[in-house]
Structures are given as structure tokens and as C-alpha cells.
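Note that subunit A is present in both complexes that follow, paired respectively with subunit B and with subunit C.
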Partner chain A sequence: MITITVNGKNVKVPEGTRLLDAIRSAGFEVPTLCDHPALEPWGGCRMCLVDVTRKEWDGWCKMVVSCMFPAEDGLLVLTDTERVRSTRRVVIDLLLARCPDTPLVQQVAARHGLEQTTYEPNPAPTDCILCGLCTRVCDHIGVSAISSVNRGAGREIAPPLHEAPPDCIGCLACAEICPTSCIPYETSDAKRTIWGKEFEMVRCARCGRAHVTRDEAAHFSGRTGVPSTYFDLCDACKRTDMARQFVKLSEGAGTAP
Partner chain B sequence: MRIDSRARFEEAVAACRRAADGRKIEVLVCCGTGCLANGSQGVAEAFQREAESRGIPASVGLFTKKTGCHGFCERGPLVVIQPEGILYTKVKPEHAGEILDKATGGGGTLSKLLYKDPVTKKAVEKYGDVPFYKNQTRVAMRNIGKVDPADLDDALAHGAYAGLTRALFDLTPERVIEEVERSGLRGRGGAGFQTARKWKAARKAKGERKFVLCNGDEGDPGAFKDRSIMEGDPHSVLEGMVIGAFAIGAHEGYIYVRDEYPLAVVHLTLAIEQARRRGLLGENILGTGFDFDVRISRGGGAFVCGESSALMRSIEGKTGEPRQKYVHATDRGVFDCPTVLNNVETWADVGAILHKGGDWFASMGTAKSKGTKAFSLVGKVKNTGLIELPMGTTLRHIIYDIGGGILGDRPFKAVQTGGPSGGCLPESHLDYPVDYEKLTEAGSMMGSGGMIVMDDRTCMVDVARYFLSFLMEESCGKCVPCREGLKQMKAIFDGLVAGRGVPGDIGRIERLSEGMQLGSLCELGKSAPNPVLSTLRYFRDEYLAHAEHKACPAGICRDLTAYEIVAEACNGCGSCARACPADAITGEKKALHVIHQGKCISCGACYTVCPTDAVRFFPKRELAAASGTGGAP
Partner chain C sequence: MDRIYRVVIERCIACGKCELACAFAHGSEGRPSKTRINIFKRGPELGTPVVCFQCHDAACAAVCPTEALVRNGRTGAIEMARDRCISCRMCVAACPFGNMLWDETYHCVQKCDLCGGDPKCVPFCPTHALEYVPADRAAEKPEPFAWTGDLAP
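Here is the complex of A and B:
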């Protein structure tokens, strides 16, 4: 275990803990917009900036993104210095200019004392904050059907050539992880549409609910090695089945061989 | 033939020297990108053709050689006749015959093609006497312009790989690092990190595989020194990399070259093949048992790929985006292996340092910045081109003695150093010695050695806006402060030059700059405000004029500037009317000319051409005030 000091409060964490988790375990709040427990940290939103220093640094501070900085023994962390506040404020102000109508951004901005952006609001407001969660989760699943395209101010999230992405399996991971819910999709018993691509649904053999796309079933069965019949039943019916098996087992437990 | 021992190496070098000595008269035709664009390929061919048609006997020892950039691009195509060192400028194919006649028998020189000193008006025969060359000290560029970059033998005759043989046969890896440490060499890519410290860390780092990389992604507007080194003397880069690999214990390397440098790619590829064939690269180098090989990785043209973490990701085949890292590349770099990444010029210095010794290199330069530095001198200066000088040379010496002063002898206004991450220094800094510390102290930086000279007809707000546009295009867009910050900063500047500035703009610029410096992920975003802050520091009045008075003191921002002809000074020559692209000027011959404000597009063409300085500019808002209607007469 190592000890770090967050805003004067000592906290012990296992070696290898990233600073963000250490700060939170000490009970302090750090805003994040591109962080997710299931994914590798990325360091793009810059909201989790904090100042770090050491006794021997003589008052010199270094600003780091806490989502990627490893907690080091003896580190002094300051999450609420004037320059941390002002830098975060610039960042959220810029994001509010990009997404003036997005509730999540408005809420975070309000917490930093901003009702409106002080910059030029985006003439074509968008809800996408370019946090990269959708593309990262898509990579993580092993599909990489979408990615960020173009550079700088023209950056956006899109399938290759803005066409229906051939690799997409319609799993909706991107839409579900999106913190501003800005990836549109439609799903019904017969089909699902996302990124302009249509998917055939697999219906549960028991209840008839459409629960995965055909492509999704094939992808996960190939990736994990479970037989494709695994997707014949939906999760709810599989749970019911499982529960029944437990009941059967416990009933049989009294009559040991 | 493969060279597999020191004795064989020395034999090979001696043979190459003998061959070179047989070339009693050498015609060195500059075939760098600049001269090629001016037709030097045709010039080189003309020399070969003329030599054949004149039937010059072999005993004369005439040899035409296509070399890399001579540096004096302003006067290209350049031809140097050796051994006398006669420099001919602006040579055309039809001059080849005459030049050959003089060189091979006639004697004398072809005076119409000689460089004429603009001060003394006298022709200068020898290239070593031309002020542009006389004031230079070349280390990284030691063989550029002298050797044929496509010929390893020629490089060997000129001392290539002598540093490598010393490193491999006389020194241990630790002693190699010591030699580099003694030289005081710092990274020539701009940041100026101690090269030996980097190497030491990578040598110490644990790892089965280690890498040395060469950063040839030079992308600063106006910078071309790395291109010239890769094109003109690729073996100097390879030699440095083999030495570096030996020092840290690496067996693999990459040269990352931007694809916009096709000639550099061709020459490097050729050099790698030749070096492999001769046993200077690949397995069992020079018979020492040391293995090291290099591959070329071609960049797709993103400026941000010059940033170390983005460059490494690009080599790995991933999107060239910077990665936040709190571990050094020397511990975990490309493919997560210990990596040393150095700039082209740094690698080119290494061979010379090992050959001549660290003390020799450290004898040049200033207390903390040792050796020499290459610069691309461009902009409103008479002699544009590629130069190399000892660290600590003053800006005045560079601009006036080597650069020949400002074009048209106009007043100097500022010099931009360090590219988009650098800054603009005013006249008060002309006597500043150029080294890492001094430039940083002044709010600029060394950067990759671009030096853009500006005259009085330059609006500093407009200059800052140019760099912002460049960076806005080139930001990768991963982090918020850089992506959105540059966009908003550019919007503020668009307002300033269009007369929509407001008094609070300067404060907004400063706050946003600080947020970008502290908040951005990589150096591109962190340093993006530098051109803004340095111009703000030295030319605050110009910003105030734009923001508060809607005026451009340099008369460059069209929306803020109007022109008129001063009656007393106009001689009615009509130059202005002929130059005007909008037909906005009328007047009888030898009579006063008039600018019709309704038609004038404020381009300033009349101002530039007027021989009697009769055209003056003034803030456009005075025009509106005078007419009282807000419109033009």
C-alpha cells in the first residue's frame, strides 16, 4: 500500500491505483466526461485535471489528468486550487460553446458557475462531446466499426466513408455508453437500425422477444466460443431456466445417493 | 563488397578517396528540392551532354555530380566548380557549355553568373567568399552540397562512417554516451533535451527489444532543414542512428519521414540499401557482431505526428494521435519498448561528434547550448536559404550579415522562430544570441529551426491569426482545450481583423491561452498560444488598435484599412492605376491620381508600387466618419 495526501487528507491505496480512484476513495469529487470503469483511461476531456506536488518540490506544482496519472507514495494532491478551477472552467466553457443545448454539459457547466458559454456558441449545436467512449467501447468489443474521423475542429465520430459500417454488429454498445445519448437507433421485433445499417433480430425461442441481432450472436459466439444456440433464449428466459434448475437441484438435495 | 573489419573499412575509404581524387574538376549541381523546382535537373543533364559533345579527354578528370541542397536557394539553380570553389548562380542549361570551356581550359569565370555583393556591387568568384556561406559553420550539414547523396562511395570519401568506426572499434557503449555527454548535444527538434541523458535512460531501461527512431516529420511552415539533410546526406543520419543504437543496445530502428518529402524517401531508401550491402547496416556491422537495421515509415502528412507519442503510434500502424503518458519513451516508447527518438539534425550531429570528439563540438556555442544549429531562413530577407551557425549567433548577424538584410531595405519588424509553437521577436531582440535558453526566455523557442523574417508591412495580429489557422487545421482534436480552444481563439482573431473586435478581447485571449497551456494533452495544444502571447507581449499596441480603435497600424487588415493618394507627392506616373486589380484608380498622365473608395478592395498594391511614396493608408473608420454616412464616396 502507498499513502497519498489529497487536499490535506491522507489515504492509503494499493500500488498501481490511478490518481482519480485514489482521490475519490479519499472522498473528494473530480468531474470526468470521458472516463468509464470498463475502458482504459483516455485523457481527452481534461476535466479531471488536478495539481500534484511533493514536499521536496518547494511549492512547485504539476498539473496532471488524474485518470491517467499513477498514484505515487508521498504525493500531495490538490483538487481545488485556483488554477485547477480556472482551467476546468475554460474547458467546460469551451464544451458548452460546442454543445450549448446538451443537458449533461449544462449541468457540469453550472457546477463551475457557468450558465452560458462566454465563447461563440456553435451555430450548429450538437450533443456529441467527442469523449471517444463509443469508439473505444467498439474497439474493446473487437469490432471497430466506427472511429473518429477528420482532424481538429472537424473531428467527428463516423463509420468509414460515412456509409453503413460493414463491421457493425448492431450491439448498441456505442449508443448505450454515450453519456449524452446522441447516437440514434431504432429497434423493433423485426429489425434494428443503427449507423444507417439494418440488422435482422434473433427472437427468443421461448418468449419470442427480439433480444440480439443475428450479427451480434455470431460475433460473440465466435469471440467467446459459446455455441450459437446460446443465443436461442433471451437473458430473462435463460435466468428463469437457471432458477428452475436450482430449484430442481435443491429439491433433489434431500435424497442423497 | 561487404566490409567486415576495420582494416577493410580503411581500405575501402582509401579506394573511394583515390577515385574522388581522380576527379580533377568537379561540377557540383545543386539538386535539392528548391533548385530542382528551378530546373537544376536540366542543368545537370546539360553539363553531361556538353562534356560529351566537347570530347573532353578522360585525363582532364571532369565529373558532374548531382548534390543535395547548397543552401542558397534564393539564387538557384546553383553550380559550384571544384577545386577552385567557383559559385555560379541562377544557372540555365544553355550556360553549361560556356562554364565548361572556362573550367577545362579557357580559365577565368563567367562573370554574368557570379554572385554580386549587393553592398559593394562587386562580383564574388568563390563560394567561400560569399557572405551567405562565409559566416556559416557546418556540422550537421557538413557534406551536403559536396557529396552525391545517391553514392555511398562518395560519402565514404568525404568521411562518412568515420565516427561509427571509432564508436564500434575503440569505444564501449558507455564511452559513446560519455562522448555525446561531453559534447553537450541537445535535441535539435526544438525542445532541447540533453541527448546523452535520453540515451543513458534507454540504455538502463530493461527490455528485450529497444528502438531508435529518427523524427523526419518536419512540418513547421517555412522549415526545411531536416528535409535537406535527409535528401542531401542521408548517410549522416544513418551513421548517427547506428551509433545511437550501439550506445543503448537497440537492434531495430525507424526513420519517420513525411510523405511530402519524396526525394528524402528515395535517397534514404537508397542509402539504407547501399549501407546494408557494404556491411554498415544490418547484421554483423563491420564484422563486430553488432546488429542493427532501419526501416522507413512514411507519415501521411499530419503535423501532429511530429509529436513523439503520436509519431510512435503512427509507426505502430495506429491513428497518429498523441497519448498522455506519464512514463518516458526511454522506458516505454514504440511498441511499449524502450525507445530513443531524436530529430534528423541531432542524428546527423552524432557522427561528427564521435569522429571529432565531444570537446570539439562543445567548443562551439554558448554555456548551455553547444555546437551549431541549422536554420531555414525565409520571409522578407534578401538571401533566403538553409544555414548552419554556432549557437549564440545573434539574430542581427543572421538576418543582416547572412540574410543580407530586409528585402527592399524596408524596416525590420519581427522575426518568427520555432514555427507554430514559437514566437515573434521584435527589433529590441536583434542582438539576442540564439540559443535554447535565450529564445525561451524571450517567449519564443528554438523549434525545428524555422526563421521567418518580417518587415514593417506585417500585421502581428494577422501573423498570430495565420498560425492559429494552421494549428486549428492540424490539431488532432482529441482533447477539448486544443480542439475547441483553437477554434474559439481563431474566432476572436477573425473578429479583430474584421473590425468586430471589442475591448475585452485581449483579456479573453489571455484567459483562453492560459487554459490551453495548462489543460491541453500534448505540446501542440500547450504551445499553440505561443505565437499569440509573444506577439501580444511585444506588440500589444497593435492588438489594442485592432480591438479598441478598429485600426490596423501596419495597414494589412483589409477591413480596417483604406488608401488615398497624397496630392503633393503624386507625380502622375500611373503605376498605381496599372497595379490596381480593381480598376479603382483613375487619373490623367502626369496629373494627380485618385482612388475611388467604393471600388477599392484595400489590397495595398498601389502602396507597394508607388515610386514617390504618395499612397498612404489610414483606418477605414475615418472614411466612414468623414462621409458621415458610413459609406464610401
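Here is the complex of A and C:
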């Protein structure tokens, strides 16, 4: 265990803990936009900036993104200094300039005392805050169909060459995880469309309800080794089968009423 | 794991109390359609409750890319860490028994977690079709239920 001091409060954490988690375990709040418990830390949103220093540094301190910085023994952490607040406000100001109409960004800005951006608002407003959750979740599933492209103001999340991504399996994990719900998709029992790619649905052989896409079934069976016929039935029909199986078993045992 | 969740289908009268108790216990606004235990009617006042088996070698936990499905060593149940779930629904497709349930309201997966060791459906079952029994009693052959006028303890 190591000991760090957050805003004057000592806290013991296991070695290798991220500074962000250590701060939170000490009971202090740090805002984040790109952090997710299931995904690797990314340091993309710069909201979790904090000041760190040590006794022997004679008052000198440096600013780090706490989600990427390991907690070290004897570290003094300050989460709410004027320097941290003003730097965070610049980050939010820029985000508000990029996404002036996005409710999530407006809420975060309001919480930090910003009503309107002091920069020139984006002439083509977008809801994408470039948090990278969608690309990371896609990588994590082992698909990597989308990524961030271009740099600076022109940066965006897109499939390769802005064409229908050949690797996408249509699982919708990117759209589900998006904090601003800005990834459009359409899904029905007949077909699903996302990132400009159209997917054929696997429909339950019994009730006809669509439950996975054809590409998802292929990906899952490749990943787990089950045959793709495994996905012939939807979960509700599998449960019905299970119930029938139970009845057969109890009839066999002679206990059925 | 000192207790086992046992279902005795011979005793189920398909009253639906367990479904309601489950729906209420898990913040699904009490809608029985959002239950994690499902009764299949097989005749008048006869039902078969189907609920997660907490499999020993669970397909849902094996397929989960984010380790959001983790076994609770104390209760033996596989629990869903909602903050780690990325809603990819691989577990829903992977469960061979259809016991991983997609919740369209909250856009996440729901599964039976034995309510952390105090299954809320059990006390509501009037015929003891659902029991949470000491592990050494789990294999005992169930007796037909004899109505004594008492509700489940």
C-alpha cells in the first residue's frame, strides 16, 4: 500500500492505482468525460487534470491527467486550485465552442460557471465530443471498425475512407456507449444500418424476432467456437425450450403433477 | 456458497408473484415484463419458472469482453457490474438458456444475481416452488406441496 495526500487528506491505496481512482477513494470528485471502468484509460478529454507536487519540490507543482497518472507514495494532490479550475475551464470552453448545442456539454459547462463559449462557436455544430469511447469499445470487442481521423479542428470519428466499414459487425456497442448519443443507427426485424453499412438480421427460427446481425453471429461464433446455428433461436424461445425440457425431466422422474 | 436457489416446478401454480417481486426489487417500475424470472404456463395453474442457473462454466461470463460478469464467491451467483457493461449484448446471444435479458428501458443487460444472497422472489412464492435452501439439502427429493395455510417463511 502507498499513501498519497489529496487536498490535505491522507489516503492509502494499493500500488499501481490510477491517481483518478485514488482521488475518488479519498472522497473527492474529479470530472471526466472519456473515462470508462471497462476501458483502458485514454487521457483524451483532459477534464481530470489535477496538480501534483511533493514536499521536496519546494512549492513547484505540475499538472497531470489523473486517469493516466499512477498514484505514487508521498504524492501531494490538489484537485481544486485556481490553476486547475481555470485550465479545466479552458478545456470546457473549447468543448463548448465545438459542441455549442450539446446538452451534456452545456451541463458540464454550467457546472463550471460557463454559460457560453468565449471562443467563436463551431459554424457546423456537432454532438461528438471526441471522447473516443466508441473507438475504444470497438477495439475492445476486437473489431476496430472505426477510428478517429484527421487532426485539429477537422478531427472526427469515422470508418476508414468514410466508406461502409468492412469490419463492422453492427453490434451497436459504439452507439450505446456514446455519452451524447450522436452515432445514428436504425434497427428493425428486417435490417440494421450503422456507419453507412447495412446488416442482414438473424431472425429467430421460431418467433421471427431479430436478435443479432449475420456479421455479429459470425463474429461471436469465431470468438467462442460455437456453430452459427447456435444463434437460430432468440433468448425468449430458448427459455421456452428450457421450460419444456424441465417438464420432460420431471415427467421422466414421475414427479409431474 | 452455503445456500442453493432451488426451483421445484411440480409446486409452481403460475401465480406470477415471483415475477412481480423481481420486477419491483430491481427498479424496473414493477413491470412484470421486466422480470429476471419467467414463468411458462403449462396448464391451468401449472407453471415452470425459468431463471438463471448461475452455471459453473458460464458462457455469458466467458464471452463478456469487459469482465462485467463476475461470480460472487459468497453467493455463487454471477453478478453484472453495470458500470463495466458496454451493452454489446454478446452474453444475451451466448446464454444457451436465454437467461440474459436485454432491458430496452435502461439499455443494459439484466440477469438474476440472487439479490446478493437474499432472493426477493423466494418469500413471495406461496407454494415454496422457489426455495433458497442450505447447500446440503439442495439434492433432497422435493415433496408435493401440502397447503397448511401458512405463507412461505
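Here is the rule we use: the second predicted complex is superposed on the first by the 222 of 257 C-alpha atoms of A that agree within 3 Å, B and C clash if a C-alpha of one lies under 4 Å from a C-alpha of the other, contacts with A are read in each partner's own complex, and residues count from 1 in each chain.
Keep this in mind: a residue touches a chain if its C-beta (ideal position, glycine included) is under 8 Å from a C-beta of that chain, and two chains touch if they have at least 3 such contacts.
In this text, all values refer to a predicted model and were calculated from it rather than measured experimentally.
*Asks:* Look at A:172 in the shared chain and tell me whether it touches subunit B only, subunit C only, both, or neither; answer first, second, both or neither.
*Replies:* Touch partner of A:172: subunit C, not subunit B.
*Asks:* Touch check for A:184: first (subunit B), second (subunit C), both, or neither?
*Replies:* neither
*Asks:* First (subunit B), second (subunit C), both or neither: which does A:237 touch?
*Replies:* second
*Asks:* By the touch definition at the top of the document, which applies to A:46: first (subunit B), second (subunit C), both, or neither?
*Replies:* First partner only.
*Asks:* Now for A:65: first (subunit B), second (subunit C), both, or neither, which partner does it touch?
*Replies:* In the superposition, A:65 contacts subunit B only.
*Asks:* Have a look at where A:217 lands relative to subunit B and subunit C in the superposition and call it first, second, both or neither.
*Replies:* After superposition on chain A, A:217 lies in contact with subunit C alone.
*Asks:* State whether A:247 touches subunit B only (first), subunit C only (second), both chains, or neither.
*Replies:* Second partner only.
*Asks:* Please name which positions on subunit B make contact with subunit A in the complex.
*Replies:* 302, 304, 319, 323-326, 472-481, 483-488, 491, 508, 511-512, 514-516, 518-521
*Asks:* For subunit C, which residues count as touching subunit A in their complex?
*Replies:* Listed in rising order, the residues are 9-10, 38, 40, 42, 46, 48, 50, 59, 62-63, 65-68, 81, 83-90, 92-102, 107, 141-142, 144.
*Asks:* List the residues on subunit A that touch subunit C in their complex, please.
*Replies:* Residues in contact with subunit C: 36-39, 137, 140-142, 171-173, 176-177, 211-212, 216-217, 220, 223-224, 226, 230-231, 233-244, 246-247, 250, 255-257.
*Asks:* Residues of subunit A touching subunit B in their complex?
*Replies:* Touching subunit B from subunit A are residues 43-46, 49, 63-65, 68-70, 83, 86-91, 94-95, 97-98, 118-120, 130, 132, 147-148, 150-155.
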